[in-house]
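Both complexes shown next keep subunit A, but they swap its partner, so subunit B is in the first and subunit C is in the second.
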Partner chain A sequence: MGRYFIRRLWQTIPTLAGVILLVFILFNLFGGDPAAILAGKIVSPERIATIREQLGLNEPLWVQLWIFVKQVMTFDFGDSWSTGESVADIISQKAPVSLTIMVQVWLLDAIVSISLAVAVAYRRGSLTDRAVMGICTAAMSISLLLYVVIGQYVLGYTLDLFPVLGWSDSLWTNLTTYAPLPVFLLLLVSIAPSLRLYRTFIVEETTHDYVRTARAKGASENRVMFVHVLRNALIPIMTNMAMQLPGLFVGSFVIESVFSIPGLGKEIVAAVLRSDFPVIKAITIYLAILTMLVNLLVDLLYSWLDPRVQLK
Partner chain B sequence: MRRLAAIHHFTHPLAPHRADCNDATGSWQHALIRMLWWLFLALALAVAPTIQGARAADSGKTLYTYFEAPESGFDPARNSDHYSGEVFSSIFEPLLTYDYLARPQTLVPNTADLPEISPDGMTFTYRIRPGIYFSSDPAFGGQRRELTAADYVYTFQRLVDPANRGAPWDFMFKGKVIGLDEKIAAAANGEFDYDSPVEGLQALDRYTLQIRLKRPDYNIPYITAAPATGVVAREVIERYGDDIDAHPVGTGPFRLKTWERRNHIVLEANPEYRGTTYSPVERDGVEFDHEVAQRLQGKTFPRLDTIDIRIIETAQASWLAFQSSQIDLHPRLGANYALLVAPNNELAEKYVKLGWHYFREAEADITYYQFFMDDPVVGGYTPDKVALRRAISLAFNQAKMISVVRNNQALAAQSPLAPQINGYDPEFRNVLGLYDPAKAKAMLDIFGYVDCDGDGWRDLPDCKPLRITYLSSSSQGGSRDTEEMLIKGLADIGIRLDTDVMNFSDFLKARQAGKFQFSGGAWGQDYPDAENFMQLLYGPNSGVVNDSRFRNAEFDRLYEQIASEPPSDARNERLREMSRIVNAYVPWIVEANRIRTHLAHPWVVGFKPHPDNMPHYLYLDIDWSQMPADLHARRESE
Partner chain C sequence: MTAPAKSSSAPVSEGFWRAAGRRLFADPLARVCIAIVSVYFVLAALSAAGLIAADWNEEYGVSYANPWFLGEDYPNPQGRNSLISQETMVIDDKQRAVDPLAPYYDEIEERAMQYQLTQRELRWTLPLGADKWGRDLVRKVIKAGEISITVGIGAALLAVMVGTFLGAIGGFFGGRTSDFLEWVYNVFTSVPYILLVLAFAAVTGKGINTIILVLGFTGWTSVYRLIRAEYIKQRSRDYVAAADALGASSARKVFIHILPNVSHLSLVQLSQLVVDFIKAEVILSFLGLGVPPDSVSWGIMINEVMTELVLGKWWQLATVAIVMSVFVVSFGLFTDLLRDALDPKATRR
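Then we have the complex of A and B:
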C-alpha cells in the first residue's frame, strides 16, 4: 500500500510537467496579449512594449517557462497581471465561496439521485420508471441558463421566496438566504443526468446472479436492494462523485454571474478574457493536482469498498 | 487479486463493473457513516474562511447601487477602466470639476479656482484653496495633511510614469508640458525621478500651481477636471507601494470603507471633507435642471453616509434587483429593458405610478466603422478607392441598425463628434452617407467594380476578386447582429463581406498594428471637446489613436488649428469642415451616439446623469419619507 502510494505520487511529476508544458504552449499560442488590454484606451506600440517588459513577456520563452516551473514548485504564482492582487489571495477568497454553493449541490445531488435511482431501478420498466426517465431526458435538454433566468425571475422576484441576488460576509446568511435558490436551480440541472446514470449502475447490478441467489435464500427486497445491490453499485457512484470534486472548486460561472456570487467561476472567465496568465496558471495547476489526488483517492476507495481490489 | 489496470478500468463512471459476491466486507454501513463524517469535517474546514462576523449596522443613509462590470483598482494612475474611475472620482479631487446640472458641460472650481490662462494659451496658473485636507491615514503619522500645489505636481508626474502599468493616462500631459517628455524618456532606463523639477510643471508656492506648455492647448482646464487627475499624497503612495489600489486616500467626499474585489465596494463619507453646497453656474448659453437644482438648494453635501456598490453583471439581475428595491439607483439600463420601461421613450404608466425617476440622455460617445486606409483594397485616396468606400457607406442602413440592433437607444451619428461636447453641431448632416443602395450600385458600376467572372459578386476594376474582411472581437457582446447587418448590406450591392472574430486583446493589437480591412470602433470623451474626438483621425496619430491611419493634409491642418484655439464660431466652422472631409473620404462610417436610460427610486434625491459618465454621488440624498415603511425598517435593521 505504502509503495503503491509513493509510486502514484511519483507519477504525478511527469503528469504535472505535461500540464505545465501544455498550459504554457496554449497560452503563448492562443492566450492573447494582456498588454493590449492593460494599455487602456490608447494602445500605442510603446505602451504595449513597456507593459510587456514589466510583465516579463519580453523574456525568452524558456526563461518564462522556467519561471512557471519555479512558481509551481513554490506554489507562488505571484500577482494577477490585470489587478495586481496576489493570486493566492484570489484563490483563497473565491474558492470557499464557490464551495459554499457547490458542496451543497454535490451532496444533495447525490442523496436525491441515489434515492430516486434505487426507487426507479426497483421498478424498472414500470410507468413510474419510464415517466421519471422521460422527465430526466427533458430536464437534461434544457440549458442551465434558462433554469437560472426563469428561476431568478419566478422564485426570486415574482414569488419573492428568495433574494434575487446577493452574497454576504456571513456563512450562515449565505447558507440560509443567498445560497438556497442557486443551489436549487443547479440541482434541477444536475439531478437528471446523475439519476439516469445511477439508475443504470443499479439496474445492472440487479441482473447479476448474486441478486437472484440472495432472493432465493429468502432475503427481503429491502435487504437485496439496500445491502447487496446498492453496496456494489456504490463503486461507480463513488467514482462519479469523486470525479466531480475538482469541479466544486471552480464553481459555476453562470450561477455566479447571474446571482452576483463572488466565486472562482467568474474569476476564471475574467482571467481568460483578460489574458491574466498568473491566475490561469495557478488555477490550472491546482486543478490538475486536485484531479490527480482525487484519482488516487478513488483508487484507494475501491480497495476499501471492494477488498478483492488490491493496490500494487 | 486485481492489478492496477483493473482499478483504472473502474475510474470511468460509465465503465462496466462486476462483483459477484457481497459478503467480503464487514460493517460497511458504519464505514460509510465514518466517511461521510470526515467528508463533512473536511468541507467545514474548506468553507471556514468565509465565516466572519456580521457587519456592523449603519445608522445613517446608505445608497445601494451597482456596476455592470467589475472594477480593477483605485489608483488613478494605474487604472483606466470606467468602473474604477466611478469609484476614485468620489475619493480623489481634480483641480476643477463640472457643474453638476449645467448643460453643456461647464467647468467650475473644485480644489482650485478656475485657472488664469495666459493670452497665448500656453501658461495655466491655478490657485489652490487653503484648508483642504486628505482623509486621515497612518501614512500621515497622525497629523492632518493639507493639500498643496506640490501634491498636484507629484500627481501629474505619476500619470506619465511608465512604471504605473504603462501610464494609461499619459496622453493628458505627454508631449504637451515643457520638460516632461525628457523625464519620461529618462525613466525608460531607470526609475522615474519625481524630485527633479519640471520646467513646465511647478508649484510656485504652497498654493499656486503653474502648467506651461510647448504649444497652446485650451483643453488643459478640462484635463485638470478629469477624475484621473485627482490628487494623491506622496506619503500614501510610497507607504502602500504595489498595494496602493486598495488604499485610496484623497481629499474627496468619500473614502473607501470596504472592498471585496470584483464583488462589493462600500464607500463612506470622508469626515475630513470640507463640505460643499450647490448653486448652479450662471453663464450665457448654459442651462440646468431647475427641478433638481431646487431639491439641492440650501443643503450641505455629502448627505449620504455610505455608498454600497454591488457588481451585477447580468442585465436581468440588475433589473430585478432594482424592481425589488435591492438597489436604489439603476444607471445605464440595458437597451431591452429601456424599451420595456419606456416603450415610446416615455416612462410607462405603471412605473410612473411607482414614482420612479426616469432619465434618457445621449452620452458623449460615438460608435463607428473604420477602414484601414493603407489597405490595398479598401484603403487609398484615388477616386476608385473613395468610390468603393462611399458605396459601402451608402449601403449601410444606419436607421435600421439603430432601430434593430440598438433598439432605438441611440442617435444617428452625422460626424465624428459626440453630443454634449464643445464643437458638436446637432444640425450638421452627413449628406453623403444617406442609405441608398441604388446609388451605391451605380457608383460601383461607374468605377469598374463589376462582376467579371459571373459568380454573382463584384470584382475589383482589374477583375481580381473583391473580398472584404470585417474584424471583430469575440468578447464584444451583441456584435453578431451588427455583423449580419453589415454582411447583408454589402451583399445587397454585390460585395462579399467575411468576418474574422478574435479574442479582445488580439483584436486590439490587430487594429493598432493595422492588420485589418474594416472594423468597428467606439470612443467616449476624456474631456468634452471636439479635439478629443478629431485626434482619432489626425494623420500624425496614425498607429497610436488613429487606427484607420487616415491622412489628409487639409484635415491635419485644421486639426492643428482647432487643437490650439479656444472655442469660437470660427472654430466650430473648422470642425464642420473636418467632418465634411471625413464624410467625403470615408475613413469612417459614423454609426451612432448612444443614449442611456437611468432609473432611480422615488426616495433617491438629486440624481441627474452627467455627460462625463461619472456618478457624482456627492449630490445624492435619500428621502426616508418617500421610502416604503417596510423597506425603511429593513434597511435600518441591516
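Then we have the complex of A and C:
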C-alpha cells in the first residue's frame, strides 16, 4: 500500500510537468507581451518593467520556464495584474465562498440521486422508471443558463421567495439567505445526470447472482436493496463523487456570475476578461494538482471499499 | 477469390452503412428528429449564404415591440397609446438669440435637403416581438442559430479530426509514440475541462474562429480515448495482417484499411460533440468570453434577456429558450439513435 502510494505519486510528476509546460506555452508564448496587455491598465512604466523582470521576459525562454517552475514549487504566483493583491490571498478568500455553495450541492445531489436511483432501479422497466428517465433526459437537454435565468426571475423576483442576488460576510446569513436559491438551481441541473448514472450502476448490481442468493435465503427486499446491492453499487458511486471534488473549489461560473457570488468561479471569469494571467495560471495549476491527488485517492478508496481490488 | 456458382444467385448482403441507415430510418422518432435538425441546418445554411436574416441588425420595430398576439399596446410603455411623446424643439427668436449657429440655419437646412433620408416605418408589433434596439427576433434568432451551429459543428469537426488522428497513431503504433500521446492526454484531462477552455480563451482573444479553435483543441480527449482503444483491438485482426503481407505501408494500414472500420465511432462522437460544444458556446458567450459582442449567438441572446425580464419583456427569452431547446433535444435524441444504429453493442451513456 505504502509502496503503491509512493509509486503513484512518482507517476504524477510527468503529468504535472506537462501541465506546467502547457500553461507556460499558453501564457508565455501565445499570451503576448504583458507590457502590451497592461498598457491600458497600468500607467507607470516602472510597474510594467517590474512585471517584465519578475517574469524574466528579458531573459531566454528556459530562464522564464525556470521562474515559472519555481513559482509552482513555492506556491507563490506573485500579484494580480489588476488589483495588485497577491494571488494566494485571492484564492484563499474566494475558494471558501465557492465551497459554501458547492459542498451543499455535492451532498444534497448525492443523497437525492442515490435514494431516487435505488427506488427507480428497484422498479426498473415500470412506468415510473421510464417516466423518471424521460424527465431526466429532457432535463439534461436544457441548458444550465435557462434554469438559472428563469429560476432567478421566477423564484427570486416574481415570487420573491429568495433574495434575487447578494452575498454577505457572515456564513450563517449566506447559508440561510443567499445560498438556498443557487443551491436549488444547481441541484435541478446536477440531479438528472447523476440519477441516470447511479441507476445504471445499481441496475447492473441487481443482475448478479448474489442478489438471487440473498432473496433465496429469505432476506427482506429492504435488506437486499440497501445492504447487498447498494453497498456494492456504492463503489462506482463514490468514485464518481470523488471525481467531482476538484470542481467544488471553482464553483459554478454561471451561478456565481448571475448571483454575484464572490467565489473563485466569478474571479476566474473576471480574470479572463481582464487578461489577469497570474490568477488564471495559478488556479489552473492548483486545480490540476488537486485533480491528480483526487485520482490517487480514488484508487486508494477502491482498495478500501472493495477488498478484491489489488493495488500493484 | 471467385465466388462459387451457387451463391451468385443469392442476394447481395447489405452494406454496413446502408444497414445502419435502414435501422435509423425505421424508427419514427429518428425521422422526426432528422426532420427538425434538417430545418435548422437549412436555415443556418441560408443565413450563412446571406439569403435570410442578413439584415438582423437593423431596426424593424419600436424598442421592445410586442409579439403579434399581444396586440399593439399593452404592456409596451412605448406603445401606441402611451403618454410618452418625443420632444420637439421649436426654434423661435429667443432660441435664435442664444444659439451661435443661428445665422447658419438656412444653410444647414439647405445642405440637409441634399441627402435623401429614408426612415423605415417602425412597426408596433413583430411576429415574435423585438429586442431593446427594435431588431426583429425572428431574424435575430436565425442569425444567432447560424453562429451557434457553425461553432458547434466547426469545433466538433476539429476535435474529431484531432482525436481520431492522435488515437489512430497512438493505438496503431504503441511504444514510445503511444506513451507520449498518453502523456499529452493525461495533461489535458488533469485540468477541469471548462477551466482549460477558459485558460485557452484568455490568451486567444475573441472571435468566432478562435472559439472554434479553442473548443476543438481542448475537446478531442474523449474521441482520442475511444479511437485508440479501437485501433489497439483492430491492429491484430487478420485483415491488417493480410495488408501487411501484401506490403502495405503503415500509413496505408492506418488510414485506408483500419480507419473505415472505426469511422462509425468517430461519426457518433462527432454528433455527440456538436451538442456539447453548442452548449459550451452558449455558456461562454453568456459569460462574455465567446462570440464577440457585435455578433449574436444564442448565449448572447440569453445574456441580454437578464435585464429585459425585469421590465417584463419575456419574448426574447421565450424565443431563444424554445428554439435552442428544441434543437438540442432533437439533436441529442438523434445522437442516441445514431449510436444505437451504428454501434448496437455500445451501451448508452
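The criterion applied here is as follows: the second predicted complex is superposed on the first by the 283 of 312 C-alpha atoms of A that agree within 3 Å, B and C clash if a C-alpha of one lies under 4 Å from a C-alpha of the other, contacts with A are read in each partner's own complex, and residues count from 1 in each chain.
The working rule: contacts are C-beta pairs under 8 Å (C-beta built on N, C-alpha and C of every residue); 3 or more make two chains touch, one makes a residue touch a chain.
A quick note: this is a predicted structure, and the numbers were derived from the prediction, not measured.
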item: Clash or fit, subunit B versus subunit C on superposed subunit A; value: clash
item: Partner with the higher number of touched subunit A residues, subunit C or subunit B; value: B
item: Partner chain(s) touched by A:S257 [first = subunit B, second = subunit C, both, neither]; value: both
item: A:V149 touches, of subunit B and subunit C: first, second, both or neither?; value: both
item: First (subunit B), second (subunit C), both or neither touched by A:A138; value: second
item: Partner chain(s) touched by A:T177 [first = subunit B, second = subunit C, both, neither]; value: neither
item: First (subunit B), second (subunit C), both or neither touched by A:M292; value: second
item: First (subunit B), second (subunit C), both or neither touched by A:S275; value: both
item: First, second, both or neither for A:T206, with subunit B first and subunit C second; value: neither
item: Touching partner for A:G166 - first (subunit B), second (subunit C), both, neither; value: first
item: Touched partner set for A:Y157, first subunit B, second subunit C, both or neither; value: both
item: Intersection of the subunit A residues that touch subunit B with those that touch subunit C; value: 30, 32, 149, 153, 157, 200, 257-258, 273, 275, 295
item: Of subunit B, residues touching subunit A in the complex; value: 1-4, 6-8, 10-22, 24-25, 28, 31, 43, 46-55, 70, 72-73, 78, 80, 162-163, 165-171, 242-243, 245, 260-264, 310-314, 316-317, 320-321, 323-324, 326, 475, 503-506, 508-509, 511-513, 523, 526, 543-545
item: Of subunit A, residues touching subunit B in the complex; value: 4, 30, 32-45, 47-48, 50-51, 54, 79, 82-85, 90, 92-93, 95-97, 99-100, 103, 149, 152-153, 156-157, 160, 163-167, 169-174, 197, 200-201, 204-205, 208-210, 214, 227-228, 231-232, 235-236, 239-240, 243, 257-260, 262, 266-267, 270, 273-275, 295, 298-299, 302-312
item: Complex contacts: residues of subunit A adjacent to subunit C; value: 14-15, 18-19, 21-23, 26-27, 30-32, 137-138, 140-146, 149-150, 153, 157, 200, 246-247, 250, 253-254, 257-258, 268-269, 271-273, 275, 277, 280-281, 283-284, 287-288, 291-292, 295
item: Subunit A-touching residues of subunit C, taken from the complex the two chains share; value: 183-184, 186-188, 190-192, 194-196, 198-204, 279, 282-283, 286-289, 299, 302, 305-306, 309-310, 317, 321, 324-325, 328-329, 332, 347
